[in-house]
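When the chains are written out, they are named A, B, C and D in that same order, and each has its own residue count from 1.
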């Protein structure tokens, strides 16, 4: 299989490296209008071919698959062009600028019988796969809340705010773990420096008592990457800054009974063991690339397919609208955020 | 000076202990309708007098000051009775159930020329005093945001939700540090077990680009007590779970310039030194008691006086109203949240 | 039962408090030549009796048991006097200044049929009890090494060096966990300020491949209290500075085979789960007092009896001798460090 | 300048990568008898030349400098051959198997007027450079002790024990920071699996009250990389596992006066601020390579020259001898451990 990577900025070379290591890939073509970037790619990778012209790649019948790692604004145009020419497509997150674009891409992929996959890399980490397993197996019990903090100093993005940059990860992880579709989104944020939010709080509302909340922040003195998933049987903390023991599973919780007329609640706190499962520690992007290739070969649906990618975009879009409306609760259409059941990855 | 402590549940004995150690206090009277609690008090403290009858205390002309450590529902009634009888009053946080009650108590204190102080203990910690000093001195620069997390497993309260229980601390610290009055409050929460929220997110909006946000949670597997104050010159993290170095001050931030038509922002990240100042480590409640007695003796205004206590109640009340209105942004009246400038404590 | 506490400095009041809470104890008598200390005791505890005269206590036939919390130099004289008068005796660690004294006390206790127990408080903690259980049950596998670090800033002691002060804890924990008797001790240390070592490294040698090592330090910028017990099946880290999860049990290790002539070892690293068991969190000294009283009542042998206390002294004495001999390996007599099998405490 | 790298196992490719990025280097030749390794090198680096024959490299007059990254057993033979042929030599740590070999290499380098440098990479880290600066500037005050812990699970080495593997780092850092020459070394260790020690404690004795101690361990459940340097004015903790704030400088210490006949010491504990300086975070090996090339060009003496490398070997050799003699204190010859004053690197 021949694959082309469009965009050789920050993420593109990582895709190239992983495609080069993938046995099913016969050749990798790197494409970027910036010759300087192509030069860097050539210096770093021996067997990659390069071209500055996108059209050359899109029109090359030998190219079976295309990976798009350009700025978000170009995702729609490039992905639709590639799908129309019968290429399989892997797009960086987020899939598109809005649900309309995402829906169109999704329809194109269906119509052309081609794989459309979004590179929500975090889904492919050991930690998120284990979290998913804990939810599916019932070990977590009934999910009660999802709280994430994704903060550090920078990188301020010139074209998207902190929600489109960082909350895209949390939205994907949330949608992967919790199959119940979100009902609405509210968000508040603040722009300290220019006209894009650099700090924001996003709440994802459900029709149940489940609640999700993301704190995303480009202006934090320390780097934080924490997700807490609270469940009725177990609570799990995923701290991505830990070098080992990224996942800690707590057998803690409460049992509460309160009777009419009693002032005192009858509360039992359960404080059992904590454990940290061993995680295999494979690079997530290697799995992304492998999953993409496998889906192309077998016709299997990617865990982060177009529907999934659109659901993420739907949440971000709603958050953006809420920001613009003083934090108002913005409903999300069930059709946009209901994904086909996403399974565990076969590792 | 003779002081009476009303309510000998969880916090009352701490007040008794500190009053007993205060040289200006000649006698401490403990009052609680529950004889069992009085018995525990007598076993623990040798020189305390006890009585089950509140009226005995209120009508005793020798009692100059009263500390109220009862459930919140009784604060208003007891504090107003005490003030009417010419007693100085120290009330546990929050001052009252609503701003109307708080306003009334405040007026009573003014009319009777008596001290009304709220025991917002956190204001009296080394860490918050140091934070205040960093703000006043300009070391922090322009305050940009306040983010707090106050989470642990329990204690579920039977009479108030997690906002009135935990966010009362954050509201007090915020109001003490930031003199700009808040403009509005929004809040979302969830009730997993009974009809009071056990997890909530509260946002405090300002007319400037400053933003404050509290995450309060009774259902967390681990205990977290963290406040991050971001400023244009310094960012400070106050982690109350640290045994030493509770306060870390980071010389970190960004300088951003962006020109029309440029895709790239010109961003300079500043990553200078972090330092942890030594903190004297005196018990905060000892300072509360000392400050109360000093204010009585000198007529000085407490840093957490009735106005301050009402401002905290105003924020909690607005958060409560927002909860009941789907997270809507609830304005707070400037008159309620504008406090007289609160100085540093003289340590 | 009437108990007297001799010595009301730092630790004495803790003993008094725990004896007062013990249902089997009818009265507690505090004894200290320093009237100021007695005054503090009287202010703090309502029902304690006090006397400045040791002889009054020793000669009082109503006093059945004596707890000795004086400087180490007085342990021998007071304990032997008490045992001769038929009292049961609880002595602070270390039992005595040398094995000769310890042997004499031990013989006196046997001859008089009285309980002699040493307050090695750490043995009574949740963490050490759990460690012991992990060793006994075989979960740890064959013990391979014991490494401890006990460091902080101060308290410099005027009468004993850092080994007699801090390594006494590690020696007790080691002897409790590992039944194999130590063979020899070596130690190096340094005196930065006056003629007692403030930093020392102690190695406990065995006839097997097991090795134990203590780092004890009064001159550390941070407080450290860590023990690592490496075993063939599990490795355990006990970090006493953690507020929760003091004990972490790692399913980690190696399996190694090497064949003659092969340059490469065949090494398999096992990196399984880590877990932190829940610990009940009872005050250890409460258990010390309860165990002492139970042993008196039932005639049961204390887990830290005279033999055990002497074994600790034997290790410290050998360490001291090694210090004085340039770090030479000093054998310890098997008879001194072989203790009767010490069981788990019945909690 | 043309440089050849002998040995393409674990470390060799890192040297190749850094030489390739060095502007002064015109060509890099990789040499390893193992064709498989050469193949990996060719796949990874585009512009490297490869050869399996050492003699080809040694006899190539175009090759000006040689870096040796083979097993320790080959260092002497290869380095002496290279020096004899007038090449400049960079050798992996440790320089040689014994001081005799090291002395010979050193003499050869002097006789041929060639640079002999040892790749003690840690000296070139931000953290160690900053530590050195703190010592030189007097900020640390009089150095009091050096305590290091270097522990993790594996990698068990087939040819050298844990001291030659891990303590080589600590010895180099110690010798770089403390100019006072060590007087003696003692060491204890244990072999749990095969005939090389996997856990060891090494003490470096001085004629002053300064003391250094290393704990090196291949059998630890967690990875630890900590050095504490205690000084009379400041104490510094270097924790290499921290992602930021690797260096923490504590303004803590004690002032002690004790008078004859007084039981109480007069001790003042100083607990001032802690601060973490910003560190530039350049790859240390890049600096190693740059320093090597600069020394070749300018004739400047490397900070880790042959004398320095021999001093490290002298400490390891003494430690080894102590291991074989039951932990006896082995004197080290002053001539071997007295290095020319090692300056700060010019960064």
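Just so we're on the same page, contacts are C-beta pairs under 8 Å (C-beta built on N, C-alpha and C of every residue); 3 or more make two chains touch, one makes a residue touch a chain.
In this text, all values refer to a predicted model and were calculated from it rather than measured experimentally.
A.B. asks: Is the contact between chain B and chain C built from the same residue numbers on each copy (over half shared) or from different ones (under half shared)?
C.D. replies: The interface of chain B with chain C is built from mostly shared positions.
A.B. asks: Of all chains present, which has the mean Cα position farthest from that of chain A?
C.D. replies: In terms of C-alpha centroids, the chain at the greatest distance from chain A is C.
A.B. asks: Hey, how far is the Cα centre of chain A from the one of chain B, in Å?
C.D. replies: That gives a centre separation of 39 Å.
A.B. asks: Taking each chain's centre as the mean of its CA atoms, how far is chain B from chain C in angstrom?
C.D. replies: 43
A.B. asks: Please tell me the distance, in whole Å, between the geometric centres of chain B and chain D computed from their C-alpha atoms.
C.D. replies: Roughly 53 Å, centre to centre.
A.B. asks: Where in chain D do residues touch two or more of the other chains?
C.D. replies: Each of 222, 271, 274 in chain D touches at least two other chains.
A.B. asks: Testing understanding: with touching defined as stated, what is the shape of the graph linking the protein chains, line, ring, star, complete or other?
C.D. replies: If you draw each chain as a dot and join those that touch, every dot ends up joined to every other.
A.B. asks: For the complex, which residues does chain D have touching chain B?
C.D. replies: 245, 251, 271-278
A.B. asks: Write out the stretch or stretches of chain A touching chain D in their complex.
C.D. replies: Checking each residue of chain A against chain D gives 42-43, 46, 222-223, 241, 243-244.
A.B. asks: For the complex, give me every residue of chain D touching chain C.
C.D. replies: Result: residues 144-145, 147, 153-159, 186, 188-194, 199, 201, 203, 205, 209-211, 213, 215, 217, 219-222, 228, 230, 235-237, 248, 250, 252-254, 256, 258, 262-265, 267, 269, 271, 274, 326-329 of chain D touch chain C.
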